[in-house]
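Quick notes on the structure that follows.
Per-chain residue numbering starts at 1, and chain names A, B, C, D, E and F are given in the order in which the chains are listed.
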Amino acid sequence: MTDAPRAPISRFPVPPRGDLPDELRERFDEVEEKSGFLPNVFAALSWRPAEASAFFAMHDALMDKETPGLSKADRELIVVATSAANGCLYCVVAHGAIARIRARDPFLADQVAVDWRKAPLDERMHTVLDVAVRLAVEPVTVTTADQDRLRTQGLTEDDVWDVGAIVSFFALSNRLTHWAAIPPNDEFYLMGRVPRG
Amino acid sequence: MTDAPRAPISRFPVPPRGDLPDELRERFDEVEEKSGFLPNVFAALSWRPAEASAFFAMHDALMDKETPGLSKADRELIVVATSAANGCLYCVVAHGAIARIRARDPFLADQVAVDWRKAPLDERMHTVLDVAVRLAVEPVTVTTADQDRLRTQGLTEDDVWDVGAIVSFFALSNRLTHWAAIPPNDEFYLMGRVPRG
Amino acid sequence: MTDAPRAPISRFPVPPRGDLPDELRERFDEVEEKSGFLPNVFAALSWRPAEASAFFAMHDALMDKETPGLSKADRELIVVATSAANGCLYCVVAHGAIARIRARDPFLADQVAVDWRKAPLDERMHTVLDVAVRLAVEPVTVTTADQDRLRTQGLTEDDVWDVGAIVSFFALSNRLTHWAAIPPNDEFYLMGRVPRG
Amino acid sequence: MTDAPRAPISRFPVPPRGDLPDELRERFDEVEEKSGFLPNVFAALSWRPAEASAFFAMHDALMDKETPGLSKADRELIVVATSAANGCLYCVVAHGAIARIRARDPFLADQVAVDWRKAPLDERMHTVLDVAVRLAVEPVTVTTADQDRLRTQGLTEDDVWDVGAIVSFFALSNRLTHWAAIPPNDEFYLMGRVPRG
Amino acid sequence: MTDAPRAPISRFPVPPRGDLPDELRERFDEVEEKSGFLPNVFAALSWRPAEASAFFAMHDALMDKETPGLSKADRELIVVATSAANGCLYCVVAHGAIARIRARDPFLADQVAVDWRKAPLDERMHTVLDVAVRLAVEPVTVTTADQDRLRTQGLTEDDVWDVGAIVSFFALSNRLTHWAAIPPNDEFYLMGRVPRG
Amino acid sequence: MTDAPRAPISRFPVPPRGDLPDELRERFDEVEEKSGFLPNVFAALSWRPAEASAFFAMHDALMDKETPGLSKADRELIVVATSAANGCLYCVVAHGAIARIRARDPFLADQVAVDWRKAPLDERMHTVLDVAVRLAVEPVTVTTADQDRLRTQGLTEDDVWDVGAIVSFFALSNRLTHWAAIPPNDEFYLMGRVPRG
């Protein structure tokens, strides 16, 4: 075991929960009750309540959605693939955990994080990840032809927007997480790896 | 004059203003009255009201702020430099216009967009842009040493956060704008270039 | 307005006009009379008269030419797109000005400089810029297949050569301008943006 | 659970164990007995016995070694960091498992794989990984100054060679694994994550 | 003539030949007798006999082989192209010499080293080098489609493996050579350039 | 020997020598008499006499010059290093030949072409090549600090200009040579490799 001291939740100040505006505090309590712990990104953003509220509102609008063309698991895999391209540990580990649970697959998140091209996904998701990773790292190269490829794979107009918006939102999230050096909670590393009894 | 038809405001549907939720419609009316026109990004995001509200809330929390260490003009120049690195026409042109006005300088925005390294800025802003552009294009390489360099230049803890948060927010904005192919309004191209009579 | 002192015309010595060889001095007088000012690149190169003469001779042989397959405006847009890829402020601003005038379009030069892929150009010019920008930044990847694509778009053998020669000449010009840190003349920034009365 | 069929052990033929030369078969039996399963890379390389023997000989000469300057755990982390840079799933997952066990740390391998710069390692290992990853992806940039930095951190001449040789060997291993598309055994994903009872 | 002192054979210790294990010493004697000199890579690796033996065993298994789909000359050209991409002087010069001799062509090795795309090779070898160089520098992008292209060009299953294994082996060799800074023997520079009388 | 037909001198038309303007024809005759053959770049550019005259005038102004801070051999090595970075076979082979002769060293040109960082050059030339190669491939990153480093190494103001101008001129030359696919004359490959009797 390394002797390194546990990394702080953020390089920036983290206010006590009791000092937060009611809306955020209630949200945090709710998340903590549901998950069993409060993901560090909540605490780390809370010193800027307006930004935190906007951040979580946008997150939920894009991620808490299941459509025939883009399931919740698919959305998490977009996060995993693009966050890995950005070297964002928090997002790879936390959303990898959620992806394992949503996809009911203990291997897929690691496969997508390290080498999505060989991951055992269907042609639709290979197309989604190809476009998503390019939008993440070389946005200027993405064209209408890429969006047409998504439509050909069965994505609706709303699904197509969501692919781009999820990539865009995590372009923000990855950089903010790097900037504050937010570590993943220990709990995320193991979630979804061991079958529930 | 090219004969190409005027580009649409977005590749995705744009709802009539009257169909928008009150909060957005009032905001749009207010912006339009103040600026004389509605920037296309407002109309383009409005088909997703929850995302649009969060987007504008985060924008205002970061950009409508003047501190000794990071003026409104400085913030716009961060947007111009990083958006140019991402090849985002809308953000370079629209925020270039605002930067010209805020900095009362008709040349600085173009200088920063094409080659910020030679732009006539002080050492503080050269340090800010060096760190900002790296966070935009290679986020994994940014370290605490970079943040210390910003503090040495007189930025407060809040200013340092803002540098990272502005870069992060426009990492989102640049990609969403590419995805929807939002063109700048014609008005932006000339704003701040001609001295007001 | 920034308080930064006005940047010098070159990092290297600039001789008085009267000291120049007759051929250069006459050329400079002529350009100044026609344009109303002497573009800084002329003054900056004049301390090396032999190089300056060769530079302007090659420039004129390639740029002062209008063909059905490659108009003067098209040639300027090649300069704008590749100079932007090289981060050359002088060439983007000066040739952007000329492109606005030649194309009679106040927006096109900025569109091409920041994101030529979405610029409102025909298929021919998209092909030209795709090949030109690759020759500028990754010359080893350009093949005969790229030249065949240009011929398919209606370019003659002479036009094809000119595309490559213009890119090549501005590969030189961009680097020399970076090396001497030549700033654009203030006049270029506004030229072609305001309709003439 | 995805319905994708289980990926084969290699894109190339995999001979039955009984057909292997004695030396390889005995080695495989021994590894299988010790680990409880045969890592796929053994089976995948076995159709080329001479290459397989050389591969495992070089592996053992570099990895089964513990020195004050470079422990077995350190050596595995070099593999994890450089294999992640090469997008090699097999090596990241298999050597991540071994690194978790050797370092007695359930988190460190994932931290190093995604963002070694922020991993909780001492200055010595940060220097080792900085040089190692550059040797992996941009070998021409590595100089004697880099090796001097390793010596300053306490590595002996033998340790310095080993850093370079481990990176070099896994440059081979990563590419061969990509070429044959060897998947990690399922067992590796969970190894070292759960404390032994 | 530069006055720089002759570079040493390695940055690491080079033991006297007499101190080597019999197997290596005999091999070295044999190579020296056949070539007229001992290539520096032999001497440089000899301080690590186990690694050296494995290295030469793998080399010979891949390079001393002539098949209808991949001649000895073809194999050397794969080494030249990928070693040039890695900036490895020893491998470019030494294997360039062998390629000149094997291909009985005094120009081809230099052509492949600097710009393999325009080298006068058939479509088969252009396909081989395209895939090989990508496996060398961006291994994650290589797919089964690339291997299918090789099969379409007439390569057998064994040839396809060899392409990948040669690239992989020289990914190791190039990095180890950079690490030890092994210079090519003077003899290699001229070999195969002058027709034998 | 490959059976590939000899590559043509250019992808574009090559006029008979007798059709050239007197100035070019006389120049070509003189070069041919002095060298024993006409380098292909002369013939390839001759279909555009104005461009050819300017090209050769600029070449001679920069390359036919010997100063204490930058010898003719040094100038050729700048060409070799930057042309290799651009994958330009003609310039690497032709100027490599001239560099071998000027430096009276049969190895140095190949060493600089493949890995200038380890070439046996003094600190002055390592600084020159470091700045030169960056100006060739990432011109926007070159700053006044780089030019100050050259001055510290003893280069005069004129020498500093020449470094930048040589890189710039060969940025043009490399691209034009790629565009026309000009092969090196066979004679260049061997020049300067064998001691003159």
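Note that a residue touches a chain if its C-beta (ideal position, glycine included) is under 8 Å from a C-beta of that chain, and two chains touch if they have at least 3 such contacts.
Predicted model, so just to flag it, every value in this text is computed and none were measured.
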Min route length, chain touch network, chain A to chain D, equals 1
Common touching chains of chain F and chain B = C, D
If you list every residue number at the chain B and chain C contact, are more than half found on both copies (same) or fewer than half (different)?
-> same
Which chain has its C-alpha centre farthest away from the C-alpha centre of chain C?
-> D
Of A-B and B-D, the pair with more C-beta contacts is A-B
Would you mind reporting the rotation angle for the C-alpha fit of chain C onto chain D, rounded to the nearest 5 degrees?
-> 180
If every chain is reduced to the average of its C-alpha atoms, which one ends up farthest from chain F?
-> A
Take the average of all CA coordinates in chain A, do the same for chain E, and state the distance between these two points in whole angstrom.
-> 44
Please work out the Cα centroid separation of chain E and chain F, and write it as a whole number of Å.
-> 28
Approximate Å spacing (C-alpha centroids) for the pair chain A, chain F | 51
Go ahead and note the Å separation of the Cα centroids belonging to chain C and chain F.
-> 24
For chain D, residues that touch 2 or more chains besides their own = 87-88, 115, 140, 181
Sort out which chains touch which and give me every pair.
-> A-B, A-C, A-D, A-E, B-C, B-D, B-F, C-E, C-F, D-E, D-F, E-F
Considering the complex alone, what residue numbers of chain E touch chain D?
-> 11-13, 48, 50-51, 53-55, 57-58, 61-62, 86-88, 135-136, 139-140, 142, 144, 147, 157, 161, 164-165, 167-169, 171-176, 178-181
Given the complex with chain D, which residues does chain B contribute to the contact?
-> 140-141, 143
In the complex, chain E touches chain C at residues 115, 117
Which residues, counting only chain E, touch chain F once they are in their complex?
-> 1-2, 4-5, 7, 84, 87-89, 92-93, 103-108, 110-111, 113-115, 118, 120-122, 181, 186, 189-190, 193-194
